[in-house]
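Next come two complexes built around subunit A: one with subunit B, the other with subunit C.
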Partner chain A sequence: MSEATFVDRSPERLRIGGRLAAAARYVVRDRELLIATILLGILVLLALFGPLVWTENPNGIDVGAALQSPSLAHPMGTDGNGRDIFARFNEGARISLAVGALVVLASALVGGTIGLVAGLWRGLTDSLLMRALDAILAFPPLILAMAVTVGLGVGLKTAALGTMLACVPYFARLLRSDVLRLRALPYVEAAVALGATRKRIVLRHIFPHTASTMLIQSAAVFGYAILTLAALGFVGLGAQIPTPEWGAMITDGLQYALTGQWWVALFPGLGLLAAVVAANIYADRARDILDPRGEFARV
Partner chain B sequence: MRHGMPRLIAGRTLSSLSAIFGASLISFIFLRLVPGNPARLFLGQFASQDAVDKLVEQMGLKDPIYVQYYKYMWGFLRGDWGFSYTTGQPVTTQLGHRLPATIELGLYAFLFAFVGAVALAVIATYRRRPVVDGSVRAMSFFGLGTPPFWFGLVLLVVFSERLHLFPGPDGRLSIDSTQPPSITGLYTVDALVTGNFATFADALWHIVLPAIALGLAPLAFLVRLLRANLLDVSREPFIVVVRSKGIGRFSAFARHALPNAFLPTLTAAGLILGQLLAGSVLVEKVFNWPGAGALVTDGILRQDYAVVQAFILLSAVVYVVVNLVVDILYGVIDPRVRVVTAVA
Partner chain C sequence: MQPRRRNRPFGAIPASGLSLVCIGVLAVGVSAAVAKVASTGSGKAAAPFVVNYAVPPATIDPGQVCSLEDNGFVSSLYVTLVQYKAKPVPGAGAGITQEDTTGFAPYLAKSWKITNGGKTYTFTLRSGAKFPDGKPMDANAVKYTYQRLLTMGGCGAYFMSAGQGDPIIKAIQAPNPTTLVIQLTRPEALLLHTLTQPNLGIVEPSLVEANGGVQKGKPNQWLASHYAGGGPYVLESYDPSRQAVFAANPSFFGSKPLESKVIVNFITSDPTLLLQARSGNANITVGLTKKSVASLRSQSCCRVVSVSAPLWQLIGLPNEFPPFDNVKFREALTYAVPYQQILSKVAYGFGKIYYGPLPPAFTTFRAALEKPRAFDLAKAKELIGASGVKLPVNAEMVIREGVNDQEQIATIVQGVWKTLGVNLTIRKLAAGPYANAIYADTKKYTLVRFDGPSVTDPEWLLEYDTRCNSMFNTSDYCNPTADALLNKTHSILDPAKRQAIWDQVTKMWVAASPRIPVYEDDYTIVLKKGVNHYYYAQDGFTLNKWGR
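The block that comes next holds the complex of A and B.
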């Protein structure tokens, strides 16, 4: 870890612009964080503004222009049906980032609630909930997502649902142990002694302190969710062709990769790689900053 | 006695059994939700409605749901995993044919991941040069972020199509190689046992790229874990004691730090197995590897879900059992675990 910290005692800290500048300085000083921010920044920009600037239709078939290598007219080339891969890449960034974020939000909400309830109520509720989570954790994560998607019907929505279910235990277990740890701390005892209501203790003294755990876990799960969604798309359970989802685009590129048209599968894979690496770096840094055990706990 | 091994084993076995029960419920429920009529899928679209109805009756699809669950689990336990809808073969036969290929691939991928991870973690921590350590960290980030199916394709394009160093995606052997007699089902082992070195070399040649593609994520995962543990352990007081006894830096590292840093890696074995199981579903498709994973992806495409169902339940059972064995082994190796679990 570098010597940089968020603690900036200059008066400009009070203004929001000053805080942003401090955060930016912090990011620039840390090389890994800088790389992650640039990667994610590019993807977010492409997802938000790509379709506005690069107006080629991502699903526009032009058989005459099939399998062209990258050029000025098609920066990432064209696929077997002459669709512009750059336009599809931007669309794919939208799908992956948006669905990945939704999966994180939903599983954090569900998993967080389960963890909170289990940690607060303990007893029978706790053991029943933990047994249910154990059953989910009995599957290798991708395999569970596959089972759910097969059962509910193939598609992007069901794939997202399956991924979400696979992510829930990771939030729930962490939050439960967090709650169990927090409720035993002296300041909670002090709050009880001062006559604070149960509701106030939970909302004021326990819940806010789980924020850092949730943040770290969200960043890690975000990368994992994007990868799982793409894997489901790749095996044919997620988004279906011609939806420009990165995983499905790689499947489509399989047949061309070994006959010289490497660009069809290459770019969506690079997009995935960038998104997941950025998310993992963020998760790592969040752990460094928020985890009081500091550098010793860095994995 | 309130703690110790018997208690640990009993506790873990019980919780594993309940996890398998829950997992079987989950898979049963989701697999019963599969749209479409299995009898219709099995008989094809030209069969008469009468025949379909009869088969529905035979397959027990009209029984109450708990009877269906009971029959399904009883069949699964006795090795009756149903029939493939498209080929009519028993699922057990199909999976039995394919599993050795997957196991062989998984073993080589694990070998690659394990050897590579130890080497990289040792290089990163022994000298503590920031540049080396930084690049190993960067590699582990990229290894964890790379989709294995895409990485396999990149390997194929670079090393097979461009450089012609390795064979393309044509399965476990070249066409002109003789298939070794089936002893273990692992081609490299069988060929070596029977002294067929040409086939051995060919089989090895074919397994390199898929094993690397499959092993990358476990490798990255292990490197991160080992590196952190090595750093932790080498700061422990007992290492200072060892060094002050006059034992050299290398011996202290190799004989005292490394074995202690390995312990947490054992707990990660279950996670690695999960990565290998799921990864093989993805990687086998890219390399046309005739394993169980490819059977699953094909089954998905042809809507032949009997195979997919069996594979899903089987992986859950294997995963739980491996985690159970690891937990117990951990208790055997590290006595502290026994006491801690007994207290908790």
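The block that comes next holds the complex of A and C.
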């Protein structure tokens, strides 16, 4: 008698290759998500490989070539100091995407930890932490970020720190509410009843189920972080001369808006727009996909 | 697994595209609203004369104004003892004139004589001059004004010392209402020049006494935002964040102003200034960046007037701080600035390049002694090698935030000096900290500064710019031999003898390369078509001589 060959036809148990193909099909069918993926993909490619392919020095001064319009020699034109804007755009993409990601990661870690502790420990700990976050939330986030930057000295690092601080409460409060919900679920109660340690309960039963929340929030905060960094650069509190940060480049380009040199501000502005829109679309879709009651939920 | 289709109220337009459209519409709406808000207060065309000005004054107390911009703002509100004569601006057409600092004309003083070896000045004042409140503008008012400046201290007192720092006023007497006598401790060739300055504008004594009076070492807070003068205009209203309205003074003794009412709008945004100039909302626009001015050259709305003025952009080098205390190192840096390109791309051709302590606009400028230095990186590297300075050198460059020209110059120099092994970190400072940095006792950083003397005479300029221990010496340059030569000029009135001293000081200065004058910066104004009269003064906002 031959052994039956088990073919798993369950739609929930797709193989990894199948999952990627399904994801790709999903992206292609969703027009907005496709656009966001293309935009983000272009920016990531430019950030990673742009400086390798386009080897112009982003800080190379050539005053004689100042304010040249876009051409083959300078695809995005040159700025008031003769610097190649395409090279600066690529470098700016690196800065914005990398620092934005770092800010998200750091604020997720810090905010997530605070939310986890507050949700688990409750009582005085919860109250103290939440009141501290309320104090931070009382400030408009951009103002808070500016205050931190001014207080600690202007620059990209302090701007990132200020942005991170402004983002922490959003992660913390979200995760806290998630933890409060999860700890009341029957399987967690059962684990407690069975004598599971707190560490096991957190790592095995609670933390994994907060991942989707954190992911969705991270996607949303990513766009916000990039925008805040650019805003700080725009007002001169972020990246300093000659760092090619998009916000600072937009500020520099504004002075030329009315005198015909439209390209100086336009391209970094488009980069910023693309990054933020793509991040927001991803955040939107992530919420849909990871919604446990949504159409993509597995029973 | 199908992506969920969303309910789209606007059909197939993606939400992101719709949001982009909304953002665009909002941006246009906000821009229109901003332009409307920034428009003239009257909202009516033609009647008042509108001047848009980029620099709101920090104070309107003539005894406290210190900057060229602030000095200029009060000049049409107050009367001085004497004024400069006028001369046409070359190539600018009829009606465009500027002050002639080689000659003095009567103002409140009808005439004067200098006696006692240059230590006694006797002024005969015109009779019947009055302030708007009817009080006499006489010798007692002048004496009160000058004593006030000496008591308060600050910039007014500095001007009373003719910019020399030491107290030269021995006594001020008003033997009768039309005679004023100033006695000096020593002769001072610059005194008449300083008496033309708006800082020495005559205030109405009873008004000042009724509002805080005079306190030693303290400014009068009331006068910082109120008017107590008797000049061609009275200040009808004043909001330092928005607008000042000038109305012709009916009791002014001199020629009536060309315009009976002038509205001065304070607009710090260059794009807004430019839009207003282009659309004809302003009769005169002052303070546009050179880039914006250059864009208007070909426009039919306006006429661009450029005046060669003793104003310049400079890079100060900290002469007392290593390695900038090394002469060859400083000289090397002077060959590492692309002067011509900066003049072309930053100043848009509105200026001249030179290398020396006196700008080309000075009548005492000698081109043979102050030839521009070339942009020669090979020579710069050679000089650095010869200097013995170890590379890399890390240094700081201080600039004022919000000033695009300074930022551009600093960025260009940062990029070029990096190739020499000199790494500059640019630090942008707000107005207050920037002023503190400029006037610090000992500087450890380079700086970019827009500068120019109130009195266009080398004695005035070099006194604050090159004197050892002068707080206004932006490079901490010190040459005791030059100081000794400057000491001699106080009592020398003969122009040829004074020129001989300037030439010696110039040679010493050039050899020391204490700082880098990037370019002399022409003063540019934009006149709306139909504005036929404009008068330039170094401290000049002579509104009474501007008009249609």
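FYI, the second predicted complex is superposed on the first by the 274 of 299 C-alpha atoms of A that agree within 3 Å, B and C clash if a C-alpha of one lies under 4 Å from a C-alpha of the other, contacts with A are read in each partner's own complex, and residues count from 1 in each chain.
One rule holds for everything that comes next: contacts are C-beta pairs under 8 Å (C-beta built on N, C-alpha and C of every residue); 3 or more make two chains touch, one makes a residue touch a chain.
Here the structure is a predicted model, which means the values were calculated and not measured.
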Which superposed partner A:A135 touches (first subunit B, second subunit C, both, neither): first
Subunit B versus subunit C as contact partner of A:G223, first or second or both or neither: first
Contacts of A:I38 with subunit B and subunit C, given as first, second, both or neither: neither
Touching partner for A:G64 - first (subunit B), second (subunit C), both, neither: second
Touched partner set for A:G80, first subunit B, second subunit C, both or neither: second
Greater subunit A contact set [subunit C / subunit B]: B
Which superposed partner A:L258 touches (first subunit B, second subunit C, both, neither): both
Touching partner for A:L20 - first (subunit B), second (subunit C), both, neither: neither
Touched partner set for A:G151, first subunit B, second subunit C, both or neither: first
Contacts of A:L203 with subunit B and subunit C, given as first, second, both or neither: neither
Set intersection of subunit A contacts, subunit C complex versus subunit B complex: 32, 154, 236, 254, 257-258, 260, 273, 277, 280-281, 296
In the complex with subunit C, residue positions of subunit A that touch it: 22, 25-26, 29-33, 35-36, 59-61, 63-64, 66-67, 80-82, 154, 236, 240-242, 254-260, 273, 277, 280-281, 288, 294-296
List of subunit C residues in touch with subunit A within their complex: 1-4, 14-16, 19-20, 270-271, 274-275, 289, 291-292, 294-295, 338, 341-342, 344-346, 401, 404, 407-408, 410-412, 414-416, 425-426, 428
Complex contact set, residues of subunit B against subunit A: 15, 18-23, 25-27, 29-35, 137-138, 141-142, 144-147, 149-151, 153-154, 156-157, 160-161, 168-169, 224-225, 228, 231-232, 235, 273-275, 277-278, 281-282, 285-286, 296-297, 300-301, 305, 308-309, 311-312, 315-316, 319-320
Contact set on subunit A toward subunit B in their complex: 32, 131-132, 134-144, 146-148, 150-154, 223, 227, 230-231, 234-237, 247, 250, 253-254, 257-258, 260, 262, 265-266, 268-269, 272-273, 275-277, 279-281, 284, 296-299
